[in-house]
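You will see two complexes here that share chain A, one where it goes with chain B and one where it goes with chain C.
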Partner chain A sequence: MDINQKKPGFAQTTFIYSAIVAIAAFILANFASYMIYSGEPQGEIFSVAQAFPFVICLLSAVAGVLSVKSYVGEVGQIKIGTGAQIGLLSGVSLAVVMTVLGIFLTVIYPDLNIMVAEYNIENYEILAQKGVIPEASLNDVRDEFMKQIENPLSLSTLGLSFVMQTVMYSIVNLISGLVTAKITAKD
Partner chain B sequence: MNQISQPTESSWAQRNGFAPWLMAVIWIISALILFQVVAGIVAIAIAIIQHPGGLDSFNPSIITENLDVLFIGNSFGQIVFLGYGTWLFAKTSARHNRAREVFKLQWLEGTGKFILLAIGLIVVIQPVIMFLSWINLQFPFPDKLLAFEEAQDQLLQNYLTGPNFLPLVLFHVAVVPAICEEIMYRGYIQTMFRRSMPVWAALALTGIIFGLYHVRMTQVIPLSVIGILLAYLTYASKSLYPAIAAHFVNNAGSVVAAFYYPEVMFSTEATEVMPPWELLIPGFILTGILLFWLKKLSQNSGGHYVQE
Partner chain C sequence: MYKLKPLWYAGILLASVIWLGLAIGPGMWNPELTLFEWHQSGLKQFFGYACHQHPLRTFFLSDHVPMNVCSRCIGIYGGLTAGVGIIPFLITFTKPLRRFVPAMLWVAIGLNLASVVFSWIDGGLITNTIRVLLGLLFGLSIPLLFIDSLTTSTS
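Take a look at the complex of A and B:
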């Protein structure tokens, strides 16, 4: 197909690939969370648990790659701007699907949230014992996590989480979509 | 009067299939991240240099105690990214790399009149803005967010009422934001949205993003309305100068008022109480009259260049 010819839309293909990647990333993220948070906290400021969302975010770049590759397979060569657009849509789709899955998991398995909160509180208590953080800040930390346990589906928590996920996944997938379009154009 | 030449060659963004709205989104996110990160780094670097103990005895609270350092970092980030960065990025969306074409930095026949009207509008709309601030505060916000915004307010209040040189405060709070934010929002973002969507959607979206960019949820409605007003001024006058003038007057007015009348400016009545009707009704009427006048002036003005 000629590059300037009218092409079919990419929304459906993008959403399907993004949903598949989102489900895979969600299962991986929660499995890893379960493994990490069911253990004993070591009193670390920077731990694997904190780095994991970023690892998942980087892995989610696959959605942009797959969506662009699939669309290129359908229509032939595309411009890098279209690749970026597909990537951005992949990022937004990922955030929507992962937020919906997150709400679903919180409803059917609320214990995971409690486990995460308790792990973090214990971790901060160890940090306070070591003198890394002031004892006085412990109550604020406890209050914050207790709020999360009491109301894990509050509008502010969900809204903030959705905005953060949308921004992170969009940036990563926009870049991966753009780069994939560039590479496929060279091929 | 010479008519501007219309280059026919397409921009880099067009040649590579980037939709104008996508370019706007890419730059909004990039500029915000770069601005926040670099402004923070510059502020910390200056604080470390100024601090007698150097890096060894450095404590982050030094920055909040030396607010001029924080504002130097902020101005540096605005000039480098929101201003100059936008200028460079806009070259990707301009034919023949001519960023001026995108920004509407042009002096037309009626621009002088539009500037006067813009200044008048931003003055008479203040009671309406106060009313919108009050409405915004009626929304239930989480305590943590309110505490964070109160801390931000306190920092600004300390800076405005502190023993600072007024022209320097005006430079940080009025001159730099008026030029840099206008170049980015009304100059670049609005033009890109305008190329992708109807006028009303482009103006509304530019204004709302401007409101959200300040990261102040308790002020998002009045800030968005100011953003939409500045967007409409740019659209109606076909020039960026009236919006720059209005933005400057808005910010400079707050600085001067806080400098000379801090007890009035930061009183509870000024921020948390609904403004009196005797102020609100004239505010709404005068704003309506000036907006109508602006529309008429826009319809009567041509698009000829007095000075390119």
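Take a look at the complex of A and C:
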């Protein structure tokens, strides 16, 4: 197909690939989270659980790659700007699907949220005992996590997390989409 | 003869410099910050979506404030910014060399993956300096891949 010819839209393909990647990453991360948070905290400022968002983000980059590859397979060749658009759309789709899945999980299994909050409070208490964080800050930490337990679906928590995810996944997928479009163009 | 697209170039350069600054984090502008305050900060949480932020694999500023991202990520962002920065000096005389850039990208990805595997096998084998250099190689190869897209032919 000629590069300037009218081409089919990429929104549907992009959303499907992003949704598949989002569901896979969400299941993997939440299963791993459950394994960590059902154990005992060790009183460390860094826990393995903190690496999960990073693993999700790394996996999310695959959505941009798959969507661009699939669209290139459909239409032949694309401009790198289209790769960037597909990447951006992948990032936004991922954030939307992840947020919806997160809300769904909180509604059907609210205990997970309580488990995470209790684990974190205990972890901070051990950190305070070790002198890594000031004892005075413990009340703030408890208040913050109690708020999270009482209202896990508050608009501010959800909104902030959604904005952060949208920006980060969009940038990561913008780059993965651009690079894939560029490399497939070379092929 | 090739010429840069000035608006695109300036926008991308500015965005990459700002991003690098945010990734280095509050240790640059607030050295009095405690480790706990850093841990609770919004920027730390934001970059936590893209980086594991392991303290042992992260450079510290002012001895106690970690950067917002690990050594490999700071290398990647530094490489991206440096790569965008040197594009004006590369556009005229590197045309024959540009075909090697995709290979450079794949080598960088391969070396980074290998270093992750070696880190699992032996934690002390791969130092933060090696990580930052490998990140730099990967980051540098991305803007170089797009030199053609940021330039217009004037001949």
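Going forward, the second predicted complex is superposed on the first by the 187 of 187 C-alpha atoms of A that agree within 3 Å, B and C clash if a C-alpha of one lies under 4 Å from a C-alpha of the other, contacts with A are read in each partner's own complex, and residues count from 1 in each chain.
Assume a contact is a pair of C-beta atoms (placed from the backbone, for glycine too) under 8 Å apart; a residue touches a chain by one contact, two chains touch by 3 or more.
Computed from a predicted structure; not experimentally measured.
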Chain A as common anchor, with chain B and chain C clashing or fitting: clash
First, second, both or neither for A:M146, with chain B first and chain C second: neither
First (chain B), second (chain C), both or neither touched by A:I27: neither
Touched partner set for A:I78, first chain B, second chain C, both or neither: first
Residue contacts on chain A - larger count, chain B or chain C: C
Touching partner for A:L174 - first (chain B), second (chain C), both, neither: first
Contact residues common to both interfaces of chain A (with chain B and with chain C): 80, 167
Residue numbers on chain A that touch chain C, as the complex places them: 45-46, 50-51, 53-54, 56-57, 80, 132-134, 137, 160, 164-165, 167-169, 172, 175, 178-179, 182-183, 186
Of chain A, residues touching chain B in the complex: 78-82, 84-85, 88, 144, 156, 167, 170-171, 174
Footprint of chain A on chain C - complex, ascending: 34-36, 39, 42, 45-46, 48-56, 102, 105, 142, 145-146, 149
Parts of chain B lying in touch with chain A, wherever the complex brings them together: 13, 15-19, 22, 25-26, 29, 142, 144-145
